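Notes follow once the structure below has been shown.
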Amino acid sequence: MTLTSSPPAPAVERGRVRLKGVGKVFGSGSQAVTVLQDTDLDVRPGEFVAIVGGSGCGKSTLLTMVAGLEKPTSGTIETGGKVALMFQEATLLPWLTATQNVELALRLQGVDKAERRDRARHLLQRVRLGRYVDLRPHELSGGMRQRVALARVLAQDAAVVCMDEPLGALDALTRDQMHDLIEDVWLEARFTALFVTHNVREAVRLADRAILMGGRPGRIIHAEENTMARPRVMDSAPVAAAAAGLTQRLKDEVASHDESDYFDI
Amino acid sequence: SSGPTVDAGPVRIGYFPNITHAPGLIADAAGFFGTRLAAAKATPTTSSFNAGPDVIQALLSGSLDIAYIGPNPTVTAYVQSKGAGVRVIAGSTSGGSSLVVRAGINSAADLKGKKFATPQLGNTQDVAFRYWLSTQNLTATKDGGGDVSILPQANSAAVQAFKTGNIDGGWVPEPYWSSLVKAGGHVLVDERTLWPGGRFVTTNVIVRTEFLTKRPLAVQAFLEAHLDALDLCAADAGKARGFAASQIKKITSQTPDAGSLAAAWGNLAFTADPLAATLRQSAANADSVGLLVAKPTDDFASLWQLDPLNAVLLARGQKAVAA
Amino acid sequence: MTSPTTSISERRPLDPIDVPARPRPTRRPGRKVLAPLLAVVVLLAVWQGVVATGWRPDYLLPGPVTVLAELGHLVTLPEFWAAMARTLSRALTGFALAIVIGTAIGLATAGSALLRASIGSLITGLQTMPSVVWFPLAILLLGLGEGAIMLVVVLGAAPSIANGVLLGVDQLPPSYFRLGRVLGAQGWTLYRHIVIPGALPAYVSGLNQGWAFAWRSLMAGELLVVIPGTAALGNRLAFAQEFADAPGLMAYMLVILIIGMIADQIFSAWSRYLRRTRGLTQA
Amino acid sequence: MTSPTTSISERRPLDPIDVPARPRPTRRPGRKVLAPLLAVVVLLAVWQGVVATGWRPDYLLPGPVTVLAELGHLVTLPEFWAAMARTLSRALTGFALAIVIGTAIGLATAGSALLRASIGSLITGLQTMPSVVWFPLAILLLGLGEGAIMLVVVLGAAPSIANGVLLGVDQLPPSYFRLGRVLGAQGWTLYRHIVIPGALPAYVSGLNQGWAFAWRSLMAGELLVVIPGTAALGNRLAFAQEFADAPGLMAYMLVILIIGMIADQIFSAWSRYLRRTRGLTQA
Amino acid sequence: MTLTSSPPAPAVERGRVRLKGVGKVFGSGSQAVTVLQDTDLDVRPGEFVAIVGGSGCGKSTLLTMVAGLEKPTSGTIETGGKVALMFQEATLLPWLTATQNVELALRLQGVDKAERRDRARHLLQRVRLGRYVDLRPHELSGGMRQRVALARVLAQDAAVVCMDEPLGALDALTRDQMHDLIEDVWLEARFTALFVTHNVREAVRLADRAILMGGRPGRIIHAEENTMARPRVMDSAPVAAAAAGLTQRLKDEVASHDESDYFDI
């Protein structure tokens, strides 16, 4: 609790995310579960990082900590500038319409009323929900809700945008359109993106760097830069090849551990 | 007379833990109820109430047989039951209410623009006050307006309101009369001065009509106990007061202040005479100030049923009373 | 062996699976109003039935006809409406005060672990106190007047309202708080945009309860404190009770009941509206 | 232009974002008990402060020392404990009855649109009635005695409990009902496994309120009739007031407050337990 | 309301699902939205049907109606035997642990206590959650919750099992394992499966027949039998080829409509 025990945080520039020796333990005593261990990661400002890993390996926990919603049990996380997070569940406020849900993000940034509305509608159009702007969450389908949440996180205008499986509930066609959209907005705004996905080709399609995570306890097992020229085409051979490589890497990594340890038997 | 000499069964008696109900308190504390009713093989149970309406409700709905009660609830019970529900079988207490006011108020004229408490709109003291004001050519409306503001409220609240200066006095019964005096008030009108002979009914004893007809022996035994208590009041005021005080303590867990109790005692008179005429007059006064619940069709002709009392009184060598 | 077969569109309306587990928004507009009236009618019929058996003399238990006649007489009297106006205006003022105070306390205790642990219980503790014991204090603090009545009304209603807020906040999914923080909402902004709207349904229920207790305390207050020149429902109720005026008492009880039911209808409509817009009404 | 930089693990505890928007489960075990005690101590201190100013004579507003001395004296008396035992056992019996009746009414109205529309308002309407007006009815129906007191207690508490059930059911996500139906739960089974556990947090809050009103009505009900020698807390309180025994009145008020706070602590602990196991405690 | 107006439902055999001219309209009057129109479908007992379609085209609505949770606005739905449904959201009861959530399904079928527990644990092991049986929903990751829901729907022992994007939140490896699991259980129990997915290869991997749905209003645009031998391998060439064919079909269908009508611009 003394001030001297925490040295002044070194300033990191806007858009940078730096994790040093980050660990996370839920519970305490005999109930303690180590969910994340000794994780180091340095994300450059404006970098697009995809995170891939097994179910329950700690991806969401990592994003939650980057967004400042949970504190790491050990290590430090430094972030430059505002961090936005799109949750794994859409988490729309049920008393607001789709537009109002997006508008709320703008309002909390102090965007004024007239502009708010226009920007919210425009974003909803870009996630192809232009016809549904006035529906409430319970009147939307699962994939439509997810897209409202996507529109909202993009509305946040943050330096770091974390997205937790943002396109998991979308069909292939819509998903491809969302890839274009996310890439476009990212190229315009040059935010730093942390993008969790289970679709390795999606990771290759979008990311500058793919991070593979292993589970029990969660940790980074591999990172791979991706210098392919943009725009990349999801169904193209190079993307498929890179994805196959990554998938193999993930499988090898799993095989090198006791499977029963990685999978939760 | 011939007939059964025992009357087995419960006899349920009610009263307030209040000095104006002293004969009931004394008869209970001194064991008179127990002894007299046991002689008739009846079993008395006593209960203490806080509000007249509850007593009436209990009596009329058959949960209670005999009760010490003020004249106002008596009239109410009689009138509401269309003369059928209850009968007065004895008197109990006379006197004990007055208008106590704060220093500086010395005449009826001084009351103008001031605020005074009564226990409840339309109750005995409230009617007495309003009627007296009318004889002084002062007005007081039912909702507290007029020359003099009458604010009905619980007696204890009135005492507190007096102490904090929120009201200027009140027309209240004992023991609150004494409490107001103790809190710095003085008596402007002693109600006894308004009645012939200085006597008016404050408490009488009522009985469920059905009980009276079905259980004459129990009623008789009760009256013996009641008269025992009245006799004790006459013979040894100190001892009687002691019984009353101990019964109040037993019920309320509060020890009445001995000084106030003695003062209050002095302002009361205990008598088996129901002072029927004063009840009639009080009802007429209520009528004249517009607060009579309803006029009885028979002018209270069958309210008093004093034959049992007179029989007991005569047997004890005392004078009979009249309705 | 024949397998069970069901054809959904062809089930009859009373097939169990079709009976909604919770009320669906009713389309017939009159029903919301008709149903409580029906309940009142049933109540009156049962009451008349009991009276008709002659179980108790009618001066103890008057029949609905007598009571309704009494009520019919009451509503022709200007004093009745004056008393009603006075009591209603007191109730509304006291309730408004209680809303402000109860909401503030509720939000403060909901937002602070220390406040909640410390005064949360105190508030509920105060709620267990009957209204009458507050009068000495109220008179002491505010004199014998409207102030004292208001104090008692607020003491009666504010805890229920605070409790509604607390329950509403406690029941909010933690994901809403997390969302709020991610969107940059803190302190009052978080409350304004996330917590309060989220807690609204429970809050409305708290308000409904608060109104009931405001009204209840007011009746007690009007029994004890009479302000010069003012008749009020509470006094009239007490007067009827003092005179064992069963029809009058019951007529006033009916008046109170009807006002209470109207208030409940308002709060229920509000609550139904909230649930409908949030998609909480479909089973 | 320097960008804002934050280092999460190094924020100081009072950094706004770290102040939990809602209380986290506290680890120090004593705090749940200490905090309300602290509140009481603060209350007593303020009270002593007011008294010390000499604003009112001490027979009107006795200081905490006097009142605590009176309380200290009371607790040495066996009659006090007898009164306490009598009142507590009445409260518990009445509350148990109110739970049964309130829960049944709550479940019935929650499960039926017709019942809800019809008697829902009636119940809240009844709640607005002060306890005293029930006395005549209670005496008429149940005679003088425990029965009448119980009726008043149940009438006071059951509506709050029914309301808690209703609110709990209304707030349940419709997806739970759908899940229940898909799993084949209907009628009572649906209630038993889905609706009741789901509504439990709001129900506990309703119980807490119900207890407060059971207690409150009991205080009024105990004024109805006293068998000499069998005083209970309610009439002791009233008589202390009658006799202008300010220290006694306040001592009894403290007793009631303490019992109310203990009850609230029990319900709060239950509610905290429920929220913890459901993951509702993390902001 | 008269009985004669609804002719007696023709008995369909256990496991059959038959939709005739099914339509669904939400709201009424000017607010009315037609979500599903004139849909006919006949699913043979024991058949595995995958449903693929754009976001918001009415897949969930269809499943909800088959499970009897919503009534069609027009047409009839007949189902033989009990219908189980795995919702698009996991919908676990937060006051129950993972085991208890699965046990509840068994309990409501009248399975006795001892057996209940064993079967629940066994199923949780099969969805690879053996180590997490006593955790409550809020302590599980998104993919873990989804698997608990999968275990629960399989525990229901129904004649018809509807699954709404049951594997959307899983990584590729775990998903492949779940494919094997679902296929195994299906082969054992021979229930009829209605399986909504956005992954066309997944549809090919699992289904006897793939149904393509189009949107605005939702309707079936194409159905394709799949007679490939089982077990099929997700990453194999034939599966990929069939998937590519289906995807093309879906795209063609979309192209043949005004795109702005299919996508919600």
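When the chains are written out, they are named A, B, C, D and E in that same order, and each has its own residue count from 1.
Here is the rule we use: contacts are C-beta pairs under 8 Å (C-beta built on N, C-alpha and C of every residue); 3 or more make two chains touch, one makes a residue touch a chain.
Here the structure is a predicted model, which means the values were calculated and not measured.
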{"item": "Smallest count of steps, each to a touching chain, taking subunit B to subunit D", "value": "1"}
{"item": "By count of C-beta pairs in contact, the leading pair of chains", "value": "C-D"}
{"item": "CA centroid of subunit B to CA centroid of subunit C, Å", "value": "40"}
{"item": "Distance from subunit D to subunit A - Cα centre to Cα centre, in angstrom", "value": "45"}
{"item": "Subunit B-subunit E separation of Cα centroids, rounded to whole Å", "value": "82"}
{"item": "Chain centre separation (subunit D, subunit E; CA means) in Å", "value": "47"}
{"item": "Junction residues of subunit C - those touching two or more other chains", "value": "17, 56, 60, 136, 140, 174, 178, 181, 241, 244, 246, 279-280"}
{"item": "Two or more partner chains touched - positions in subunit E", "value": "68, 82, 89, 138-139"}
{"item": "For subunit B, residues contacting two or more additional chains", "value": "53, 57, 61, 160, 164"}
{"item": "In the complex with subunit D, residue positions of subunit C that touch it", "value": "16-17, 20-24, 26, 31-32, 35-36, 38-40, 42-43, 56, 60-61, 110-114, 116-122, 124-133, 136, 140, 159-160, 163, 166-167, 169-174, 177-178, 180-181, 186-187, 190, 195, 201-202, 205, 208-209, 211-213, 215-216, 219-220, 223, 237, 241, 244, 246, 249, 253, 256-261, 263-265, 268, 271, 275, 279-283"}
{"item": "Touching residues (chain side subunit B, partner subunit D) in the complex", "value": "12, 14, 17, 28, 45-51, 53-54, 57-58, 61-64, 155-156, 159-160, 163-164, 179, 247, 250-254, 256"}
{"item": "Residue ranges of subunit E in contact with subunit D within the complex", "value": "64, 67-69, 82-85, 87, 89, 91, 93-95, 104-105, 107-109, 136-139, 156"}
{"item": "Of all residues in subunit A, those that touch subunit E in their complex", "value": "26, 52-56, 60, 88-89, 125, 128-132, 139-144, 147, 164-165, 168-175, 177, 198-200, 247, 250-251, 254, 263-265"}
{"item": "Subunit B residues within the subunit C interface of the complex", "value": "52-53, 56-57, 60-61, 73, 76-77, 80-82, 84-85, 115, 120-123, 141-145, 149, 151-154, 157, 160-161, 164, 166-167, 293"}
